[in-house]
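In the two complexes below, chain A is the common chain; its partner is chain B in one and chain C in the other.
Here is the complex of A and B:
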């Protein structure tokens, strides 16, 4: 009795010892800065206005967010981007996963070929597409013109097509992620459930809708949450492809905040936006945690 | 018999779909690599040239004349240091999550997860202001710290999963033999989880290597990593596509090779606990 108690005590000490480096470091380098952002969001800390720096202004910056239509506008743009990108990724990713899973061989090589785009640096993806899609000498333009395809060529000059195109570059880059995740999910489904359904005379469509889809649902939801969150943080590709334009059609919220902070030097206003974004993403994080952690522990 | 034919048909359709997808998805990337070996004239020729005399001049100009060799060095330093530090700090915690039960564990996991859900700009902005104060802007340490903010939680999350796959009985047996926990962790569990460790290391290195936003804000001329230096080739006098393609190729090809080697475990780790 005594021995097991001391052993428990020993484990506790060890756990604290093992955990402390991670949690001390993380608190200093993430929690610290976040609180600092919260702190300066209550001041009018800006480099652009000489003199009036560092006065306590209470909630002024937050009121300013509500009064600035560009903030809501760019959050809306971000959601549009997210919706287009993630819905294509989920459908295409699932189709790819099903296709690969049905293969009797060559699964490994096909997986390797499919994962290529997601390993290319997002910035390089942006540059690559601004070259590939260039309306004068781009390979895409050449194909469209040569084959007389009914597709637009000056993709970045119209607000609508610019946003869709940027979202499609994200589809190009991250569909593999969901495909491989879904594939891993499909492969973890017990073959016995398929066998049993076949014995009962179910056809492949029934097996798909009654067994595969319900069993895959948790994985699909996790995939959607993870990708949506990443899409919400998008910066690199629109930064390179469009610079937020035409107008502000592709100015996602991270880019707007970046501009406020590092172009206009409105640090306090930008910090207030950061706090709001943090809260939005925190809610998503808790949702995700509910799905993953609760299932696991 | 008919069933067999139908199956064959389906399989053919699946192959067609996959091959078409792969061709379309690899085309822009292949085009980037091909362009990197073209002269300026060949790069812009219409119709695009498939057969041309390959040249290394883009690589030579970008890396030797424009100083990308220096950015390559910076990228290597930042990637290797931030990955090793994240592993060094995070591995014990990952092991503890897998083996020891303590109160508040779930809250701690949520906290780690929370850092992944933090908008980059919400971290980068205050980090910039703090680093400006303490003189860490444009230093290796500054950007390494910034990259640890996202790599450390990844290490703990991914490695917890891989430690979970090492049978607990092995630990218990070693414990009975009188080995210390530290010995078990470093000499038994870690070697047994090495393929997972390799995947985690590669994944973190890729994150750091490809990262743009933090590096854009926190590095300067002397410490700029490759992704940050590339937009410098988009000059007002015109864009030097050949050299951009060369640098893009150098950034992405090594990553691909490593990723394909450890792909199986990396994919497992990337799903962040969604799949057992």
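Here is the complex of A and C:
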């Protein structure tokens, strides 16, 4: 008894020892900056202003966030972007997954092909679309003009169409990801449930709504969580495509924060925004997690 | 206690040891053998950072010659605009010794000087031991450029580099076409000439805006054609272009007593004019920067533009432009006064540079006629009067107009807060161009923001 306990103890020490490099590295590269950001958010660290830096100002930066309507505005823009992008991705991704699932013969080749957009760096996606949609020389413009399609040409000139267009580039980039995830989910559903339903005379719509969808729900929720969190951090594509414009129509919160930090050099204010965003995401994460766990149970 | 003393001593020794290693490898600058003249700093490596653009590349191709002449190696790091500015700001803030020469846009001069990040050049300029570079003549540097790029409150901190200026580019072939001239006279009642005022500019813009299928200079158009090409993206290009209009209309950013004047009547009028002009420009103005303008002019779909002169070598490049030899260059139309927006970088020596002497030798060499001419031949613009008068360069179609523009150049404020103020201006103009705000509303909002940014710095009497 004693011997086994000491072995257990040894194993534990060993486990901790083996895991410690990961913990150390993780805390240095993730927790370190996090706490540093939290720390400087209570100061007035501004590189553009000579002298007078780094005085403790308490909650001033947080009060400033409430007083600055642009912050709330950008968060709202981010949520709009998220809503458009993620809802399209889920619907299209699911449709794509069903289609691929129905074509077992070509599954391999299709799944490899649709991976392509995901492998392109987001910045390159932005650049690609800025050429593709260029309102004079873009391929899209050429198609619209040649076929006389009733579509607008300069998509980034109006606030509404600009945000939707940027969100659609995200849909192009990330729909395959959800499709693959959903495909894996579909393939894990037991075929017996389908057979049983067919025996009972259910039509394909009934099978879809009563069996496929409910069984897929956990996968879909996880997909939504992952994509929403990613979409909340969107930066590259609007930065390249619109620079946040026209006006501030596509200025997502990460771009606003970036501007505060690296253009205006208001590091403390930018850090305070990051802390607020961290809290928002944390709350969202907890809510999502709860939802998923309850479903699972 | 003894042990503590020992530890402290060891620590102190270690620190001094490392501090010694951190120098330039024993080549103490103060102890350089000045009798060697230009080779006194042989073996020293100076680190430099600059924007990746045509003149910098042209400079990098000549660094070998500098090394052969002086024995000083230049380690030139090139990066895009935003990266350069960020890297330098962070390096300066942390007191880093990484750089001996930094290239920074001149509008950051106030920020760098007031913070004490860069060193005054006078001690180096007045040091006879360092006046070793043949053909360097400080009086040859164009004075206006040097003042704008390098001088802050009567102290010289840097030398100009990669300078450029905004001027007026137009399709000379169309302006000189007799059919077009006759049609213009019939419609507007006066002759079609290079516009010297904004009303004429607008008329010409309207006149040349045509649909696909209509005729232009006797030929049927296969694409739409536009009077002007302009920037309207939320981007530096837009504020740079609009400021020409504002200054020409008589507007200012600060009035004579140093108060915020961005929402003055004249500026509002200039923004109204600018916004109105977009109907004669290719659609999607709010997506355009100088890059798109250059492409539009190269593809020959617009008749006129107010652009930076460093875009023009691309218009005269027969590999990529359809309008080679068809372009004319001149002065921006004049409202109340002439305006030409000066854009340039400056080369500075950071306060914490380990090799300021070698860096100063490099800056002198950079301003010699041969180096400057090579840069100009590759599509850059020189700092020197003598190179401007060079017969080879005067054959370039955009040369004379550039020189004239430098004579009347206007500069952006160089105060530390300008970067943030410029961001706000980009946002507000972009709002106007996408019909989300009227010019008055937008500039009032900018003025309110400026007040918030500047706070107790007002009135701004030195910029």
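By our rule, the second predicted complex is superposed on the first by the 283 of 297 C-alpha atoms of A that agree within 3 Å, B and C clash if a C-alpha of one lies under 4 Å from a C-alpha of the other, contacts with A are read in each partner's own complex, and residues count from 1 in each chain.
Going forward, contacts are C-beta pairs under 8 Å (C-beta built on N, C-alpha and C of every residue); 3 or more make two chains touch, one makes a residue touch a chain.
What you see is a predicted model; the values in this text were computed from it and never measured.
Judged by the touch definition given at the top, the superposed model places A:249 against chain C, while chain B stays out of reach. When the two complexes are overlaid on their common chain A, residue A:157 makes contact with chain C while staying clear of chain B. Judged by the touch definition given at the top, the superposed model places A:262 against both chain B and chain C. In the superposition on chain A, A:238 makes contact with neither chain B nor chain C. Contacts of A:93 after superposition: neither chain B nor chain C is touched.
Of the two partner chains placed by superposition, only chain B is touched by A:115; chain C is not. When the two structures are aligned on the shared chain, A:137 is found in touch with chain B and with chain C.
Set against each other, chain B and chain C touch different numbers of residues in chain A, with B touching more. Of the two partner chains, chain B is the only one that A:282 touches; chain C does not reach it. Common to the chain B-facing and chain C-facing surfaces of chain A are residues 137, 262. Chain A makes touch with chain B in their complex at residues 11-12, 14-19, 21-23, 25-26, 29-30, 32-34, 36-37, 40, 95-96, 99-100, 102-104, 110-117, 119-124, 127-129, 131-132, 137, 139, 142, 146, 172, 175-177, 180-181, 184-185, 188, 218-219, 222-223, 226, 229, 232-233, 235-236, 239-240, 254, 257-258, 261-262, 267, 270-271, 274-275, 277-278, 281-282, 284-286, 288-289, 291-293, 296-297.
Interface residues of chain B facing chain A in the complex, by the touch rule stated above, are 10-11, 14-15, 17-18, 21-22, 25-29, 31-32, 35, 44, 46-48, 89-90, 92-93, 95-97, 100-102, 105-106, 108-123, 125-130, 145-146, 148-149, 152-153, 156, 181, 185, 206, 209-210, 212-213, 217, 227, 230-231, 241, 244-245, 248, 251-252, 255-256, 259-260, 263, 267-268, 270-276. Taken in their complex, chain A has these residues touching chain C: 47-50, 134-137, 153-154, 156-159, 242-249, 259, 262-265. Interface residues of chain C, counted against chain A in their complex, comprise 82, 86, 89, 93, 111, 114-115, 233-235, 282-287, 292, 295-296, 299, 301, 416-417, 419-420, 423, 426-427, 430-431, 433-434, 436-437.
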